[in-house]
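Heads up, the next two complexes both have subunit A, just with different partners, subunit B and then subunit C.
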Partner chain A sequence: MTRLAPPPRGFRTPTAGNRPRRWTAPIRAARDHLPPSAWPFPPRDAVGPLLAVLAAILWLIGLRPVQPAQLGGLGLITALSPVLLLSYPVLAAAVVVELVRRRLRPRVLAACTVLGVVLVYGLQPASEQTARLTVSWLHTGFARYLAEHGHTLDGYDARFSWPGFFSLLAFLTNASGAPDASPLLQWAPAVIAGVAVLGVRVLASSVLGPGRAGWLATWIFLLAEWTEQDYLSPQAATYLIMLAALALVARYLVHPGLAAPGRIKVRRGPPPNTPRERLVAQGLILVFALALAPSHQLTPLLLAGLLLVLVFTRRLWPGWLPWLVLVPALVWFSLGAKDFWQGQLNMVVGDFGQVGSSVDQGITGRFVGDTGRTIILLVRVGLTCAIASLAFAGWWVRRRRGLRSLPLVLLALAPLGLAVLQSYGGEVFVRCYLFALPFASILAAFCLDALLARPSGPGAATRVRRHFGKTGPVIAGVVLTALGLATVTARGGGDAYLSYSKADVAAVADAYRLAAPGQSIAALSADATPMGFDKIGVVTQSAIERTCPGYVRVATCVLDSAPNFLVVTPSQENYGRIYYGLSPGWTSRLVSDLLYTGKYRLVFDQDGSKLLARADEEKQK
Partner chain B sequence: MTDLVLVVLTIALCGLFFGIVITRTVLAERATADKRANRGSPWLRHLDRAGVVVTVLLAAAVVLRVLNAVG
Partner chain C sequence: MHLDERRAVAAGLATLSAVVLVLTAWQVTTSVRLYLDTAFVLFAPGWAIVAHLRLATRALQWLTAIALGMSGTLLLAQIMIALDWWHPIAAFILVAGATLFELLRQATTPGPARSGP
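Let's look at the complex of A and B:
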């Protein structure tokens, strides 16, 4: 008789899952009374999906409309119900339960990921009245101008020098017969973030294989993308194109893989694909490069830089690919963006090498405002540091296994080079984080994967010791929950002044209706008003804040600049309170003062949103 | 007039660049498909050199156009 060797420590026999458990007893009892064909899977298999369904139910029960006017410096998080917040740890638990299974279920994990996108990125669209962020409203205005005139407006805005995305929006609105793209605004972040998560999923599975590590990278990206660059904008669209290009490169044009260990001294042969597949992949990347060049000034440079990293580390098969991406951007800059650089060349090259300026504008300069805003900024910094720490830990885990691989680390660090090139209006570190996040997530996935039993990433078989027992999944669940809740907090941190009510939009729309060509419409703050979605180049649209720092003697500022129309909204009230410590009701007092002078009259008043018109307009008419 | 010349030059060099790179890519992939990588090597080397020259000229044309227009 053959003696079987004892199972290794930690090995689970197929019958191990059949031990009776208290919570599964009723399900088991019900199953025992049914014919085998009616109960196709063991109850343990239902835990993950049931937790995901529970998370969805909790989220829907806890969801309630949010009034932006009632928010403070901490933003959206203070208006969310505990029941809704509970849905995030429940969903994280569902994902971890699925990921620790011996055999992964891609369909269940994909469904959980879609649910995660809705829970994290659909929260603001579902709870707020209308689209947030002034810039997104302004972009619909640009697209509207292009749709109506068929060309860009010279000398108006630098973004008109890269009109590719606005042209697409103009085409879509013209083709659909809609007056503008504003119906797309509200849910655009959820859709764009969802596609970005899909892109990272393809990239991660190309680098890490179809196993658990790839799913962990996808989830880390999903739960740590706090930058809010996913509104309807050229940078969001080009980010998706960049992810698609990187996924194609990682899948078809890299040899050996990005996570493969070792230093490549001699360039190896072609990747293990057919030449036809590689040609199609390169053709698609050329198409992407041609789409990127006229759409965004930064993204093609960054994609070319990332591809150059792959060339230098001898992983990229077609060595000309970075130049294929860079040349269209360069040619567009020379031929298509003349309006931008003709008057602002100093701005383009003046910041080069000024890292101190980038740090001042991008980090220290942002720490203004009340305690709530400071906490939100600290949450964002904390999230960034957490992802950097997890990525470093992932690199360390691989190093301890003897898997030294440089490309992923360099790809995660390369976007920081942007800070050397440009301060980008104080947003450069946000962009650096966004561009580094896919690769940092892949590195961080190695760390979380090592916490769980049976690591799955490339080289996982070289694991020699097990440090975490049953606490590993708990730690992974806590990390995912903390990332998710912190991201929800950070993304909604500015909602007191960045989200708007329908009355705010109606006040601005009324101003557009009343304003004659050549007249001026002003708001107290350009960042806290849904302005710019119409009458681009027809009426002057400005902000009082630019000529009135800190809103000191704001009534005098308004009377001095004398705009034909003044829009006052609760979001501006919150902006003044949070950024400049103004006392509650400062906008109401301003309106009263202006009405008292007799130089302005009230023409629109709804839910706290007001439109004032110059009194002499009536007399002139 | 100078600006027009530089614009035409930029467009011509851009076309040349894409022509060279696409031809080079197709030739390289054909060579790997035929498992006769050595046969295409001289052509690939010539195309690589031509590509480098055209890229440098293109970058110079772009810089010259910007400097000329700003000046």
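Let's look at the complex of A and C:
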């Protein structure tokens, strides 16, 4: 049923160059004449799978529950056992062993990839008590409001102006009879990252062919996605849809291929496939564009931008495809998101061209906190630079082979244009990296592929010179291991205050249970509390940090703002220590001070998580 | 993808569709139902359509099925919100029923696989 696109020019199939050596010829001939059952299983065929199994066993043996309260500025990495950490180099070795085989085994590589997703992205869900990140809890709150009311809450939050994903969550929870989507939160990153890896795999194999280079691109993406944008969120869902759209474009609507060399001066005709295939691809992209438009403000614009790059480089057929994506997004922005831009037009256009502001908010402004946090930020910067360097080296390798083509380079650079448009609340460079990563991984794959014997991928058949010999696979393994360990470190870097215990969630749930409509619930930090998953628009939910920078005289701040309920958790304690250098026990002292005034009383206390209620409210009742 | 494999996938997803329909009819309220409904939305409706499109590779088929399932359900939910006609359970039963019908048809229809998309 399948019809593969013709391989790109210069593409070397995985079996190319598979000539038997002279001394092995008699053995091979003898083996070919024996029935399969009589020939023993070659031991070296088992090395890759055995290493992968060993990695899984090491990971499972080393896995242990992590208490967020005990973490410091370096986050999760300090709580991981050496046995567990050993599983990453072992898995990288398994992958390299599989990739240097003469004949690739896609099923084994696919199994290794699934294992890699579990080992990297399943680490936090498997070791922590409950879901991480305040914003993921907040998203379930938005979806809960939609499920209960059937409409958005105007003027509450800009994210309600793009409610598509929340509508989907509300639909799911309502149809399932569940109160909210919180059961989905904990393992969502592993599932979303797994689908994203599948997306990059499809994209890479469309660009590079089914050989080793495509697998290397997949693995570079898998081991370098440190951005943590894969929680239950509109951006994560729309990222997956965007990858599917790009994969369809690369497979059916690009001619010549993205990795094909040479500058195209005259637009060529349609790709060498059937009109039905192209029509199907365009129809699917239209459905995806319609779903993207009401779901996220950034992703459809970026997808349209990437398609425009393909139009400018004369690779895309048809040339009007970017408009198919752009028009629904602009229509939704004009009509559906009116509530957002009517009140905040200055915020939308005010940042345009302010690259300095984007850099300040997105890079330099983030370097606050203790030494551990600074190290984590440096690891993230280092990972980004490493991927950029590998991509540049991949481009250089192709250039030395005489394969000069711009599309992949431009596609990897195009997301940086976002920094010109918006600072995006200080997160724009994280988004730039995320959107550039699939294409940077493909370019970087050329570099690692060149380290290994018998390079694959487009252009591999031209001017191949062996520089590395047997050290090539070792270098590739070391690079993959370093990327994997750095990503595990970076992703868990904020877990001292971004991961929560069940007691933290119970404290907030108790506040929701006790709070009457119109009352207020406060946390010391909005970023370090699992808040917002209920009572959206019913009670006021705020953070003391906004009116009390650095938590200077924090007890006075609390008494001045006088929330009806105050949630205090160990994650907030860690947040204050790491970000503002507060001494250990600062939240305990705050609670003691508030109780001493007699204006607050303790209504919940479990495993360090506390809920204080205003005493006078109780007297009035 | 081989015809037998396609039929096996269709049969598996048809079973999933039948299970979520039964759980909806019984109004079971556990997290398991939410997980099964999520798996259904991610895989089943998209696969019911994508199986007809004859995409180039198995991985592309799965990726497109997931993206299509998410996009289609998202659009359906968003249209209900926009029209102020919020009946997710009825819509879910409709989607699951139509998907089950189509997947059963794919799982039971004999005949050779057509080649190429």
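Heads up, the rule we're going with is that the second predicted complex is superposed on the first by the 581 of 621 C-alpha atoms of A that agree within 3 Å, B and C clash if a C-alpha of one lies under 4 Å from a C-alpha of the other, contacts with A are read in each partner's own complex, and residues count from 1 in each chain.
In this text, a residue touches a chain if its C-beta (ideal position, glycine included) is under 8 Å from a C-beta of that chain, and two chains touch if they have at least 3 such contacts.
Computed from a predicted structure; not experimentally measured.
When the two structures are aligned on the shared chain, A:Arg201 is found in touch with subunit C, with no touch to subunit B.
By the touch criterion defined above, A:Leu85 reaches neither subunit B nor subunit C. Looking at the shared chain after the overlay, A:Ala453 reaches neither subunit B nor subunit C. In the superposition on chain A, contact of A:Leu416 is made with neither subunit B nor subunit C.
By the touch criterion stated above, A:Ala56 is placed in contact with neither subunit B nor subunit C. For subunit A, the partner that touches more of its residues is C, with subunit B and subunit C as the two candidates. Contacts of A:Ala506 after superposition on the shared chain: neither subunit B nor subunit C is touched.
Of the two partner chains placed by superposition, only subunit C is touched by A:Phe165; subunit B is not. In the superposition on chain A, the residues of subunit A touched by subunit B in one structure and by subunit C in the other are 274. Across the complex, subunit A is touched by residues 1-3, 6, 24, 27-29, 31, 33-35, 37-38, 41, 53-60, 62-64, 66-68, 70-78, 80-81, 84, 86, 88-89, 91-92, 113-117 of subunit C.
The touching residues of subunit B, when paired with subunit A in their complex, are 7, 10-11, 14, 17-18, 21-22, 24-26, 28-30, 32-33, 51, 55, 58-59, 61-62, 65-66, 69-70.
Of all residues in subunit A, those touching subunit B in their complex are 269-270, 274-275, 278-279, 282, 286, 318, 320, 323-324, 327-328, 330-331, 333-335, 338, 341-342, 345. For subunit A in complex with subunit C, the touching residues are 1-5, 146-147, 150-152, 163-165, 167-168, 170-178, 181, 183-184, 195, 198-199, 201-202, 205-206, 237, 240-241, 243-245, 247-248, 251-252, 273-274, 276-277, 280, 284, 287-288, 290-291, 294-295.
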